[in-house]
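Several structures are given next for inspection.
What follows is a pair of complexes built around subunit A, which joins subunit B in one and subunit C in the other.
Moving on to the complex of A and B:
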């Protein structure tokens, strides 16, 4: 094969390799959220105790909104961390759980055994999950005190990730 | 229960136990709803439209499609509703704008380049086939085969000349 043919072949092969590299080089679940840096979708849900709660009521401090299910094993691992984090940031950050595609009985039974220090909201028709573009669990959303959705985190949270996002929001909140 | 009876019981019970939920699309759905159900990607599946996935998420999304359609929203508005929440990713057929344009343009361009390359290779190989037998008739140098023949002829001539001498 001469250099001319090699050039023409590379015209075909290089873009294909580039396209494949784009696809294989990233986690297919890690679809960047189009909602980041936009106003967080408002909602009004009822928690497991029957108390209604809306996003508008919670403005003024950062919010960590965690979508989870009892059938999701990683969510159960995350539950303990979130409870600890909620205690650590008590009074400064509002934590929220939103139940994703689960039965109320299973959720009440689970929370009866593993208590929650923050509200656990029921989303029976997955309306809020769709509004937040949820594509699986666990997924967490960080909303700043002004109600802007800052970060979507796919997968299990670590304390470092939580602290990084929350400290940034608390810092920017205290400046404004 | 004997092992055979247990195996038979499991064989009979299994299809019932793992029978998937019916797909969310129904024959009573409006054509627009069916079309959108086939265009939107189920976020918890692998490249499957919400209209064909039995997952609860897909069913919830189909329900939302029906609600928006019932509210009088056009197919474009319903698509835009989901794109605003999930991004362009939710469309199984990418738009012909921005990066999505690459998906539409690249295959025909690659096909045209491939055909061009193939035509060149075929043309070259045909030219080589035509040139090979005509070279000795022209009397000029025509590659290694012609050179080998010249050597042979030269040795024959030399032998004849020596024999004559």
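Moving on to the complex of A and C:
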């Protein structure tokens, strides 16, 4: 290999290294939700107790909408955290559970054993799940007080993630 | 306790590597027996420290010592023992530690085998190994410390990734690949030593070839086993998806394969030297690139680990290695001048050169496809993936060209052949190729693509059989000892052509399996569906609980022409810690076809299941190639003395040295 070849080799190598360095800080798996920063799809559902509830009634407060089901083990782990968070943010943030592809009996029996402090909505034909582009459970959506969908979170939430998103929405909400 | 012990051992390895590497680079140009002794000592300390660090980690895993960070990440009390041991390499930090284990073992064996015969080259070679070792020891000491102490100590851990708990191949496949990856350090070290010293002696070239062959053999086995694992576990009826990490193992394999051919020309005709050295160095650099791809989290793949500090560090390391390699090759360009020229267009040399070119193009094609998603995102901000169509469109013609070259190359003589005689060698192999094509056409195959592929395979196999048998045919009728002596003298050629036969088997398997039949079935109990002549009946759905998972099994009864062929039991496994269930497909080989079923979903009351069914022709040939590759590599590697010793045992005891 002489200097000329070395030059050609560098022509190849330098862009390659540059390219690989570009990959840092990006999550190759993150598929941006097309819904983010758009009005959250509205819905009218009935909760497990039979009370109807629509998204429009809940405007004015940030909303955490959590899709879950009883056949999903991680959802059950998430359940306790969500209950605690709902208590922590009581009066400031509205939490909502939406049951994803599950039978009513299973949900009622589960909620009988593990109570919920916030409304648990039934989505019998998964219409709302389809509107929100849910691909699996658990998935959570953060909707700001104006009704704009801000963040879609795939997988189990942690308290840190919850707090980061909610505090951001609460702060911008108090300014406007 | 385990934390402290493990961390101390890593620091010891770090110090030994730093000391040895410094000593090696300083004394490389004026080797002295004392310096070499010190260097070898440092290598032994480095290797032993890493081996013991791994022992400590395994003990911590088995003892469920959750105060060790890595154990708290992958350990779980409900995981079976052998999976607990295997989880040593199931996540980022552990896999780097395991990497260190293999490097330690290789370094010790290498230092031992470099007896005083190679005293001139040994310091630079060991210094290179230890320099690479220094980087890995540094990773283990700080940025990806598996032994970090966890406080408070958790009572239990999540267990390893469920995909790794599903199949025995997972125990064998990663170590094989790691042996291949880490093994490439040795030829790199040998090449660096040769270039630093400015001496490419025949003996040292032999060390270069043998170390590469060892790494190449492991890499080959690792890649095929990986494909096999993907096939048996992932449930999509395929075995190779051009996933970035699959490509990462394929790239160095291509470069090393090119090297193994190029070196023949180098040794025999003193040509293609720059090619040979660049290829072997390139193979090593590609293993580091591959490691970067797997560990940086930059690529989307079934294998990738999450993003961490490791990524940038690896990239810096890779950059340093590339700059060093280019400088070295440029600085020693005068050593790499060809001493002969190609005398005729139709000659063995041209075939080898063409082989180098095709394999290099292949390497760049795969590399381009792998990094293209990054390019698209960096330049246009779009996320895209380069799928199988691109790779297959490029790989199929290049692969076909290589199969044809495998048939043509060995039949061409060196130098300036007499074309009037050359064609005679082609008669038998070509006849075999034509015979295969005609036979398959007569059996009803009409598609020209498999006809051409199998014909080319027949031709290449004919060439290899001819080359393997010819030396024996020429001495037929002599006693067994004489034939063994021929085998011993020809072992490199025998090994090479065995490997060629293995490649033919793989190509046939790839071609056959690309004509698979697929169906999405929805079955109620006792309902029957048909696919490619097989009738598939759902017998029932059952459920069972295991310690770490819940398993739902569908039982299928497969018949053909009214005769019972097999029972298949694909299942879905629900792990306590996973969001989605992980399937276990059922795979059954019956003659030429594989029957492959994946359970996709089921009604909770068992009234209906969704099954993905595949009938895959010839796919098992891919796995049958494994023993052929292993045998071929072993034959080529076998030291001369031992085989010759069978016949000449008496002579050897009298002190005749055969080498």
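Odds and ends about this structure:
The working rule: the second predicted complex is superposed on the first by the 146 of 176 C-alpha atoms of A that agree within 3 Å, B and C clash if a C-alpha of one lies under 4 Å from a C-alpha of the other, contacts with A are read in each partner's own complex, and residues count from 1 in each chain.
Definition applied: a contact is a pair of C-beta atoms (placed from the backbone, for glycine too) under 8 Å apart; a residue touches a chain by one contact, two chains touch by 3 or more.
This is a predicted model, so every value here is computed, not measured.
Of the two partner chains placed by superposition, A:168 touches none, neither subunit B nor subunit C. Applying the stated contact rule after C-alpha superposition, one finds that A:16 touches each of subunit B and subunit C. Of the two partner chains placed around the shared chain by superposition, subunit B is the only one that A:35 touches, whereas subunit C remains out of contact.
Legend: residue contacts after superposition of the two complexes on their common chain; A:136 is shown touching both subunit B and subunit C. After overlaying the two complexes on the shared chain, residue contacts for A:53 are found with neither subunit B nor subunit C. In the superposition on chain A, contact of A:155 is made with subunit C only, not with subunit B. With both structures placed on the common chain, the touch criterion links A:3 to subunit C but leaves subunit B unconnected.
By the touch criterion defined above, A:101 reaches subunit B but does not reach subunit C.
On subunit A, the surface patch touched by subunit B in one complex and by subunit C in the other comprises residues 5, 9, 16, 19, 31-32, 136.
Those residues of subunit C whose C-beta lies close enough to touch subunit A in the complex are 274, 278, 292, 296-300, 304, 307, 311-312, 315, 318-319, 322, 326, 329-330, 333, 336, 367, 371, 373-375, 377-378, 383, 574-580, 604. Put simply, subunit A touches subunit C in their complex at residues 1-3, 5-6, 9-10, 13, 16-17, 19-29, 31-32, 72-74, 103, 136-138, 155-156. Across the complex, subunit A meets subunit B through its residues 5, 8-9, 11-12, 15-16, 19, 31-35, 41, 101, 125-127, 129-136. By the touch criterion given at the top, residues 43-44, 56-57, 60-61, 63-64, 82-87, 89, 102, 106, 110, 113-114, 116-117, 120-121 of subunit B touch subunit A in their complex.
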